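In the two complexes that follow, subunit A is the common piece, with subunit B as its partner first and subunit C second.
Moving on to the complex of A and B:
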């Protein structure tokens, strides 16, 4: 039995295998946003149904759930029910805003006509707001605290549990005040 | 029906491999001839069952029969026949099925080539081969089931990943890669057998070397083909990005290259037996690591398959194989004690050893760069990527170091020799070195690393060419059979070295001396790059059977003379949201003109173009072909069979100790 060989082999192999086991749950497509912890970029977006443009300032004082989506995006359609339900549940103290990303108003109207509109939708003409928020692909959802700071960003479809968890985090931040 | 039959065939292969492995280990421990006969039969049975399962899948893909789970996920009615066949390895489950097929071919070939004189160690090796086969059949029977029955078959499927449909090289690169990756199972089994048997004699060493050289050759070709594919398809103008999956194919190549060289010292000096065996084992473990990296979803890469449940299974196998190897090495490595010794001083022997160390450092450098993002993520929960700067800074000096050894080593005689001999051997190739560096300077090379590479490439090329000329000159001076002939193996080695030198030159020049430009053009506008003038002649929409495309026409002129029209394009596949750009490449011996579309608008006839002049990229592909040809020469069957204790080489050094 050659102990030296065994020990050297273990020193080389063991951390590597352990590291790989630890990384199994890793999602390499997750991209963290440098915007987290920073003031949310201002926006001025035209509502789908016409009327005065919505701005970030007009929503201040409430937690904002800013959801970038499109009707051609399957995961967006999947998460729509969760968002609609959460909007009914948290609608009083939380502002839900659906930002339509690279899609046409008629398509969105048809879709909402079928699955119901529970919160306001705005059109992002030219994708300027999506660029300001560094949206990589849809769906992406930003959670903005009452004092206008981006607390979290979620990439991919939201589940009801994850939604309420992230809304709670954004609220906690507002309670702590600006640090 | 097809699906059920496929599942039975996979179960059959699992049964044959498991039974075969058990019988093999039992007969190895008891030296039982009947057991060994049954092992061989079961190995053939495994190969036949898995080959039949593959044939069944190809048939289902060609029809296409969407009641088979895998066909429903990657099949399509609208793809050409070759794409349908290629779909076999385009996605996770199919790629594992194909893996099993390649392993079956290797297993059958290795079993068929074996003979009675190897009875001492072959049952051990077969046990290892069949255990590996059993693991992959288990994956196919469980987590990576390609023959799931689809209860309500769709009328059409999405077709394979568009990137794979985009170039015919994709039909060629993966089979070579699998032939390389999977094939290392065979030398791994032989290395384990050497440990169990407690000796690495001349006969086993020769078998090991040949079975290592086969997958090494395939892996060499596969790595370069992968770069070639990236270059022709991905459109960023390069061929190697230090992507985790690219690194995964490089790692076992480095250790296998080291093993092929250290085997020379085992053969001639009866030293480094345990080291060589360890390198072969490491190469196998690294192929499994690479398989994990490609299929676990842990790494993000253009080449990676999507996240899947088989990641943990492969990792468990890797952990098991690592523990098995470590315990076996620790237990038995002292049985492979050196019988000769390595003399100190400057000689081919010591430089071989140095080269081995450099290759291992190289492998560690690449491995650390590859897993470093995982470490950072695990420890600090931060994302980062290790990019080109790290690899360039670390790997370029190592590569140049290897090139230097590649020149000096073969220039030197074996064993210790006198100072005048050494000086004579080392000084003469400086002619080639100065010549190559001079040509580089004249052609405008100013980068120090490039000039250094050219210098030592010239040195190594002259050494290799002189060694290759020797047998020719001996023949010309009517060498008789009594004179020591330069063996074919040695000729082969120098041809491979020469090919590698060409690759080195191509990599060094292309990565430091290219020009690139990004321009926006309207129809009729032109611009200059290098000594070319490019004019945008217009863009057309083209409809093809399985895709739509926007093709830009770019006229290429040089000194006012029109050379050609190049057609970079964007392909649109039904299954894919984003278009797939396909660059256009025009090559001559010294440079490529490479055009890749950034955007194109056929209605307004505008174009965003990335144009590059890449010098000597073609040398990389050419060098690879020379390397493969050289390795092929070494693998040709010997003209007359050699006795088991004989030497396959024909070098002038006549005192190879019988390693028993």
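Moving on to the complex of A and C:
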């Protein structure tokens, strides 16, 4: 009788314990983006310094690094140098775009005045583009292939190594993917 | 008191939408519309306005999870992201998108997580049915347990019922008869006592 209770208890408890241990190694705040492998949502974003809006279509044919960031976000500020350096290194073949997330243009100008703008910055009015891309927080960076498909999404600050790795992956997708 | 800033924000969102509607409805005037149209196609419902729009914005907003909060809907959160999302919900409802379309739009970019209540489909059915299944199984266990303990303890009462028959041994039968008579008399006495004032 007691043995039976013990066995039944084990049968009930073991899967729960297994589930707990399986979940411990996972980051509960990390949610896979459903957009990966799908066409990138269209955007139309006003450049920080005025001029014609930048659209997804106008950048088609190049790999796009779409970086959502804000000056109040410490990891964003940390990764900025890596992005600026990569923007110079990868030149014209890759389009870098800094999407300002819940921040004001003057703040961004002050920040860039200090460290310089190596790639175009755009304002996301009403957070529409952030919503279309399912942004949870900043920094989040999307890697879009030349044919306009989201290949990867990186959450958190980027290192130069990770950046070149993900750009290479987005380029490979454009080579072997649909046109 | 928490509702007041929310109401203000809703009002602001309302003014914004109103401003957008005053302008000719080109894609430039309502930049949200074309992003949604790309995913959803044409609106399938009736374009809402006024008090209905307010109420529906709040209701549909309460179905969507604020991605930067802990378990709050976008209708209940004062966070910028939630305010932006709610504004977009309002615009979409004003443009005639249905509740399903609005939820589908956010699910397209944020995934199923954006629904505060999981959708009733596929594997999610286990999620919805598990609590009821647990109640049923728990109930069955309790019933089985009660039945078994009733079967064990009142086993004596069963014997009582069957013992109206007397033992085969005449001497023993005689004793049993006397004991019963005594017991009956005792019970009668007790009844008498309780009847006394």
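Here is the rule we go by: the second predicted complex is superposed on the first by the 150 of 179 C-alpha atoms of A that agree within 3 Å, B and C clash if a C-alpha of one lies under 4 Å from a C-alpha of the other, contacts with A are read in each partner's own complex, and residues count from 1 in each chain.
Simple rule for what comes next: a residue touches a chain if its C-beta (ideal position, glycine included) is under 8 Å from a C-beta of that chain, and two chains touch if they have at least 3 such contacts.
Quantities reported herein were computed from a predicted structural model and do not represent experimental measurements.
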{"item": "Touched partner set for A:133, first subunit B, second subunit C, both or neither", "value": "second"}
{"item": "Subunit B versus subunit C as contact partner of A:147, first or second or both or neither", "value": "neither"}
{"item": "First (subunit B), second (subunit C), both or neither touched by A:78", "value": "neither"}
{"item": "Which of subunit B and subunit C A:42 touches, first, second, both or neither", "value": "second"}
{"item": "Which superposed partner A:19 touches (first subunit B, second subunit C, both, neither)", "value": "first"}
{"item": "Subunit C-contacting residues of subunit A that also contact subunit B", "value": "31-32"}
{"item": "In the complex, subunit A residues that touch subunit C", "value": "31-35, 41-44, 102, 125-137"}
{"item": "Subunit B-facing residues of subunit A, complex", "value": "1-3, 5-6, 9-10, 13, 16-17, 19-24, 26-32"}
{"item": "Subunit C - residues contacting subunit A, complex", "value": "31-32, 34-35, 38-39, 67-68, 80-81, 84-85, 87-88, 106-111, 113"}
{"item": "Subunit B - residues contacting subunit A, complex", "value": "274, 285, 289, 292, 296-300, 307, 311-312, 315, 318-319, 322, 325-327, 329-331, 333-334, 367, 371, 374-375, 377-378, 383"}
